[in-house]
Each structure stands twice: as structure tokens, then as C-alpha cells.
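Given below, in the form of C-alpha cells, are the structures.
There are two complexes below, and they share chain A, which is joined by chain B in the first and by chain C in the second.
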Partner chain A sequence: MKLKKNIAVSDSGFIFDPNSGDSFSMNPVGTEIVNLLKQEKDSDKIHDAMTKKYDVPPDEFNKYYLDFIQTLKQFNLMENDD
Partner chain B sequence: MNKLKVTIAVTGLNNTDNPGPGVPVIRSLRESEAFDLRIIGLAYETLEPGIYMHNIVDKVYQVPYPSEGSGDLIKRLKYIQEREKIDVLIPNFDAELYTFMKSSARLHEMGIKTFLPTITQLEERHKSELPAFGKKYGVNVPKSKPVLKHSDIGKIRDDFEFPVMVKGKFYDAYYAFNEEQIHMHFNKISAKWGLPVIIQEFIKGTEVNVVALGDGKGNTIGAVPMRKQYITDKGKAWGGITLDNKEMLDLTHKIIGSTNWRGGMELELIKTSKNELYVIEINPRIPAWVYLAVSAGQNIPEALVKLALGEEVKPFDKYQIGRMFVRYSYDLMVDLKDFEKLSTTGEL
Partner chain C sequence: MEKQPFERPFIKKLHSGMPGKFGMKMDFDPITEIDGINVKDLIGEYGSPVFILSEKTIRKTLNTAKRAFTTRYPKVRFSWSYKTNYLDAVCNIYHQEGSWAEVVSGFEYDKALSNGVDGKYIIFNGPDKSAEYLEKAIQKNSLIHIDHFDEMYMLNELSDKLNKKPKVAIRVNMDTGIYPKWDRFGFNYENGEAWDAINRIMIGKKLDLVGLHTHIGTFLLAANPYKIAAGKLADLAVNIENKYNHNIKYIDMGGGFASRNTLKGAFLPGTDTVPDFDDYAEAITSGLINSQIKPDNLPLLILETGRALIDDAGYLLGTVLANKRLADGRRSTILDIGINLLFTSFWYEHIITPAQPFSHHTEETAIYGPLCMNIDVLRENVDFPLLKKNDHVVIKRIGAYNMTQWLQFITLRPRIVLIDEKGKSHLIRKNETLEVFKSLEKTPEYLNNFKL
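Showing the complex of A and B:
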């Protein structure tokens, strides 16, 4: 599962898709996850990093994480499924 | 660097909510480091805002509408030429292009150069000819049918599903969700722009555009894709952003390469959810949003003038992606004396 290569992500959580011209704003946690995706971290690594850093039960994180990935897919920001 | 002294005449000074490309074309030329410019504005109406922008135009002449016959227009241009020594003329209205193309030899005799598409190029990309264009050059186009009279409207029933687009041959486009609405739009459009009125299949997707320049030998000198971010009720871009879209650029190169397109061009495209591109219109001139391309690194009007002057122009190979524009309206204060002078003498 990879973020499209040409997607630009700023420190402030602003995403720009230069292919479609669409732009989106994320909250700090979303920005953190997208930055991990940009570094090509897989789901397990993202899961580990986020549950270690934040006080969140793994199952609950997983639910929100999958929702978030689904949203990124819906907005055509992800490469096709691996 | 020695700047080349050139006098350029430009039409389309109607910088209104349905903006002509004249003012942005001049703004682009004014930024050129290659030219020492004198700009002659050619206006059809006395309230075209560009007339009163004294930092944009050096002198303005009122000219007769091409619909009044090319003879009157040429006579007027001769008068202007005796005073101004115009080097290059850039027409910016679809409706005047045919007249200027037909008159290009006479303009050339007068010393006025143009860089326009050929009559064949102009005619084969007409909205009513779009299906044949798509077939000939292998590009996706919506199904279209020209309609000349009310009784033809009933005949499209089997060919189209509602909604359809009802379009004028030069400008204007409306959705129609039933036959009654087609009749209504037919009346409105035909009264304004004449016949035929075009019924076009509605393609669902995002509208994207490309401003481009062809050298007439099949080469694309410049091309910048853009997505309209804010569209007015007249369908005009009030905000837009440059895109990094290879498919749009490939399509532009394909069209310019296969038609040997000469001059400025605006491709109006629909990108469907399956990422297919449909050509819905090819405008045979520079669009009003051209300054976005200039600001992104491709001064297309400057390149067009160089081509008109017979200079060799290297194709642009890059532009800034994610460059945006947002239009605004502004109340320009006008001295009554200026209005009076233009109204009575036809010059300012």
C-alpha cells in the first residue's frame, strides 16, 4: 500500500495531487501517517510507530487507520493495491 | 540585451466576467524581455475595460465588427497602419478569426503579420465537426449533432440520452434535461450566435484545459495543463491550478502533431472517473487564463509573436506545477473625456 509518488505533502498537513489539482488538509495525526506512507513504511510499521507513540489500543487504532487509508484511496491518493 | 522594437495590435480587451484574452495577452507581452513594445488595442465596443487601462495599451482604435464585412475592417486597419506601423496582430475572438484568416494576405501586404491556424484547421475543429475530427485524429470526443431548425430537435431523441449540452457555434453552453429545454436554449443561442446550434453528449467528469502553441510544422512550442478550481455561472475559470498530467500533454502533442496546428490553442477536456480524456472543444486562440502559463514559466504570447516575426522558437520543456490564479474584479475609474474621445473619434 503506497502513496502515489508525485503527491506533495507539506509540514502543515496540506496535500496536493498535481495530477488532478485536488488539495486536502489533514490534522497532525493524519499528516504523521501520510509522512510514514511517503517513507514507504508498511502497515505493520506504521501501526507499531503510532501505537508506541500514542496512548491508543491497537484494535482501535487499526479501525481508524483502515478508515483513513480508505479515504486516501477514495481521493485517488494511493497507488493500486499491493 | 537589445530589445526588439515591435508594435503589436491586440483585440479582446473586454476584461469582463466573460473575459476576452486581450488584456492577459498584453500583460504577458509586457513581461517579455525580448521586446520594446508599443501596444495598439483594437476595440469593438466603447466600454471594453482594457481600453482605459493606460498601463496596458498605448493607443486604442475602435474597429468595425467583422460581421459588417471584411472590407470595412480592412479599410479601418489601413488607416490605423498608416499611423502605427503594426508589426503583428493578435486577434483574440473566435468570431473574428475567420475574417482575419481570410484577410491575412492583405494584412501581410500592409506589413501586418499574424500567426493563425489555417482555414482548414479552423473549420475541422468546429464544434459541429467534432465527431469527424475525433475519428480522423483518433481522439475521444462526445457525440455531437448540429441542429439548424426546431424540427430537427425531435430527431435527436434516438441518438442522445438526457442531459445533453446545447452549445453555440462560438460561445455559450447550457445543460438540457428534456426536449423543451433544448428548444428554449436553441432560441437563445441561435439569436446570439447564429446557426448551427450544437447538441452534444454530456460527458460526466472533471473539466480540465490546456493552453498550447503549435508552430505549424507539427511541433508543440508550449503547453500547460490546468484545472478550473472555481467556475462562474458563465462557465469561465475564476480560479485555476497548473497540473502535472502526462496524458493531457500527450493528447495535446498528438493533436498539434497530427494537425500541424499553427498558433494558439485551448483544449477543453473532460477527464472521466476512468481517467479517459474527451475533447469537448478546441478553441483556435489563446485563452483568457493564459497568464497562468506565463507565470508558470511559459510565455506563450511572446513565443507566438516571435513565430509571427519568423524567428526560430525553441519549445518550452517545463513549467511550474501547482501554480494558481484567482481572478478578481476591480472598479477602474474612467475620465469622461477619455470615453468622449473614443466615442466621438474612435481613437484614444
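Showing the complex of A and C:
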């Protein structure tokens, strides 16, 4: 599960997808997750990092995380898994 | 190290070009308290969902409306439209402020009596008045607004039977240039039916014609139709005086002023577009004052304003049950409030506001209720902040009609709480319980047992 390579992410949470020309905005938590994905961290690492930093129970985080990844897929920002 | 507060991760596609109507910025601060009481505490004490009414707003709104009329016209009386919200505590606030009672059924008539309203201050409207209730209303000198000829004949008979002259008005419907025309209630002005009804009453001498009534529609977004309506009723009053030398005592302009809610399909919010009390008052009073009615005979002006007086005073508090993603990628948020409690969501784009601070990030969201029905939608598509399960929301401007048109479907109705002018909360309607429902049911003996 990887972010597409040439996607540009700014510190303020903007994403530009040169493949489609689409741009997106994210909140800080979303931005952090996308940056971790960009560094090719796996899901476990992302979970660890986020639940350490934020006041959120791990299973609750997991719910929002999966939903977020689903949305990234919907927006064609992820590489196809297979 | 202290952990930081968590907001669910969120990404939104940016669209270029014109903002759509759903892209309009929310006014948005959370509503964390109502009249000085914390929303969280209200839910903690009374449960979720819960209806909250502000006594301060009720009195303030009524007094604003009154001032708009009394500064323009010498004799004005508001009459509380029970159907809008007939909780006893609410009705009594209006009665304390001098409002009479306007009722449209035997049930409402009895409710007004039981609140202690003298029968002569009850206006009895509507197409469904039984002989029993008409007799009661005649005995108690109530103001009976005749809806159709059959009712007039019934009143004539009762007048003979009781040897008493009922006090009546006729309800008049008319063309004021608005659509839809409400022509199913009362007697039509343009085709002469209203004048015909008046002549029969005056010549029959069994009924005492004290007033003329109209209710031209509801949620009228223009004031001018009221001017036309007031002018037409004034013309009838003048014709009555000319022909019979009889002065009617009042003209009742009904209800229909818009509240500041936003109608579905409207491009701009109601707060920007709806006429205010001054606009309506100017239209109605100028219609009367500029008529041919002689200054000494100006009738009492009665108003049966409903929603515009109480919408702002009502809040519905609820809780997020779940978030989920729809097949088309949109987010949906499910609340414990459905159309069962928010009947007005069929015609208003209700403003749903988080009860706790939130960031400026929003997402296009469909907001659903908890009922297992496809039509249980509060908002189809609204830019909404990122709420989590168990977060609370406040829906404002819901004081009118929801506490009377609510549905019991699959669940029980919740508590209703009044916050008084000192900021103290009072339970004014208990929550319903299974026992309440079971107490009305009767199961035949042979259905009492089964084996599965």
C-alpha cells in the first residue's frame, strides 16, 4: 500500500496530483499520515506514531485510518496494490 | 508528554471555479451553551436527544413582534396558535404576555380551557368542529370562525336550541397574488361567496358577526400579500357597515410570517432574505389604515402568528451515532435525531452545529437520522466539520411544529426542557416510556400466550 510516487505534498496540507491535475487539501492529521506514507512507513508504524502522539484509542484510530486510506484510493492517490 | 487532541484525518478535493451553493461558508462557531447552560450538561442531565426551549427568546420575540404592530396601529392582540407548540408551559408563557388562544380542534380547545384561558379569549378555527364542541364554545362565548356553510347551518340550529347568539367570524380566502392559494378553508372573496355568507348571517340574525378572519398561507416570503388581504377584509367591513350599520369588532389576519429558517432549494439563507416583523406590520397596518374604515371604527387587529414567534426559541440536541462512507465516496453522519423528531426537515435546510470546538476542515456530508427508513434524511449534502462518534450537535430554530407533529415511529419521544429567564432548567415534558404505550393497548386474553 503506497502513495503514488510523483504526488506533491506541502507542509500546509495541500496535495497536487500531476497525473490528473487535481489538488486536495487535508487537515493536519491527514497531512501527517500522508507524509508517513510518502516515507513508505507501513501501517503498523503509522499506527504507533499516531496513537503515541494523539489522544485516541488504537482501535478508534484504526477505524478513521482505514476510512482515510479508502478515500485516498477513491481519489486515485494510491498505487494499485497488485 | 501530554497527548494532543485528535481529529479524524481528512482530505478534500479542491474544485476550481464558482463555489456551489453547498460551498457557502458555514457561520460557524460551536454552540456550547444555551442561555448560560452547557450543552454537555443538558445532555448529561436530560439525555440525548432532548428538546430545549428558551423562555427568554420566546418573550423577547413576542415583544419584538408586538412592538412592530403597536407602534403602527392602535389596537392589537396576538393569539397563540396552539398547533405550533401546545406544551402547557409554552402556552402559558404566551398567555402571561397577554396572548389569547387560537385552536383548531376539540383537543386544543380543551387544552386551552385547562390552561385557564377564559372561553371568551379562545378563537376556534378549522374545518373540524363537532356539534358537541360548537355547543361548548357557544356556552363559553368563544369566537367561532366559520369555515363552511354546513357549519353555519349547524350554528343556526344550535343558536335556536340554546337560545343564545353565538359570536362568530367568517374565514375568508382570497387571491393575494401568492402561490399556492389557500382556497380550501373558508369562503372565497373574489367569487362573492364571502359576501354571500356575511349577508346570510346578517339577515338570519341568529349569529353575532363580530369579526373577519383570513389566513393566507404559511412561511410567506413577501409582506405585500398581507396588505392586499388586509385591504380586502377592510372592504368587507366597510360594506357591512354601509349595508347593515353594523361594525365588526376585529379583523384577524391569521399567521404565516416566515421564521428565519432556510427553505429547501433556496439559494440564500433565510436570515438574509426573510421579511421581519416590521415589514409584515407595515403591510398589514397600512392596508387597514388606508382603507375606507372610519378612524373611530378601526377594528381590533388580531394576529395568529405561529412559527415566526417560536422557531428561534427551540433547540434540538443530539449525538453522533456513527460515521460511514457512502458508495459514491461521500461521508454520512448518523445522528440519534431523525425526521421523527424533526418533521420540519422536510421543508427546511436545518442548521446543524457541533456542540464542541472543531477545526475549519469540512467535508461534504449527508446527515441521516436513526430510523430504518430511506427518507430519514436531515441534510442531503452539507459542508460539515469532522465529528466523531459520541460528539454532540445542536439544531437551532426548531421551536415550531416539531413538538406537535413529531412521530412515535420505532422509538419514544424524548424530554422537553425549558430554560427560564434566570438560566435555570425545568423539565416541562417527561420522556415517553414503554409503559405509557402499553397502558393504552389491550391484548385479548387468547393472545396472551405463545411458545416459540
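Following the convention adopted for this analysis, the second predicted complex is superposed on the first by the 81 of 82 C-alpha atoms of A that agree within 3 Å, B and C clash if a C-alpha of one lies under 4 Å from a C-alpha of the other, contacts with A are read in each partner's own complex, and residues count from 1 in each chain.
FYI, a contact is a pair of C-beta atoms (placed from the backbone, for glycine too) under 8 Å apart; a residue touches a chain by one contact, two chains touch by 3 or more.
Note that the structure is a prediction, hence the values are computed from the model and not measured.
Visitor: Based on the superposition on chain A, does the combination of chain B and chain C result in a clash or a fit?
Guide: Partners fit side by side after overlay.
Visitor: Students often get this wrong, so check: with C-alpha centres, what angle lies at chain A between chain B and chain C, to the nearest 10 degrees?
Guide: It works out to roughly 90 degrees.
Visitor: Touching A:Pro18 in the superposition: chain B (first), chain C (second), both, neither?
Guide: Once the two structures are laid over each other on A, A:Pro18 reaches chain B alone.
Visitor: If you stack the two complexes on chain A, which partner ends up touching A:Ala8: first (chain B), second (chain C), both, or neither?
Guide: First partner only, chain B.
Visitor: If you stack the two complexes on chain A, which partner ends up touching A:Ala49: first (chain B), second (chain C), both, or neither?
Guide: Neither partner.
Visitor: Should A:Gln74 be classified as contacting the first partner (chain B), the second (chain C), both, or neither?
Guide: second
Visitor: Name the chain, either chain B or chain C, that contacts more residues of chain A.
Guide: Answer, by number of touched residues of chain A: C.
Visitor: Give, as a whole number of angstrom, the minimum Cα separation of chain B and chain C in the superposed three-chain arrangement.
Guide: 6
Visitor: Indicate the residue numbers of chain A shared between its chain B interface and its chain C interface, in ascending order.
Guide: No residue sits in both footprints.
Visitor: Report the residues of chain C in contact with chain A in the complex, numbered from low to high.
Guide: 3-14, 323, 325, 329, 359, 361, 386, 388
Visitor: Can you list the residues on chain A that touch chain C in the complex?
Guide: 15, 22-30, 32-34, 52-56, 60-61, 64-65, 67-68, 70-72, 74-75
Visitor: Can you list the residues on chain B that touch chain A in the complex?
Guide: 206, 208, 226-227, 229, 241, 243-245, 271, 321-322
Visitor: If we count contacts the way the header does, which residues on chain A are in touch with chain B in the complex?
Guide: Listed in rising order, the residues of chain A that touch chain B are 6, 8, 16, 18-21.
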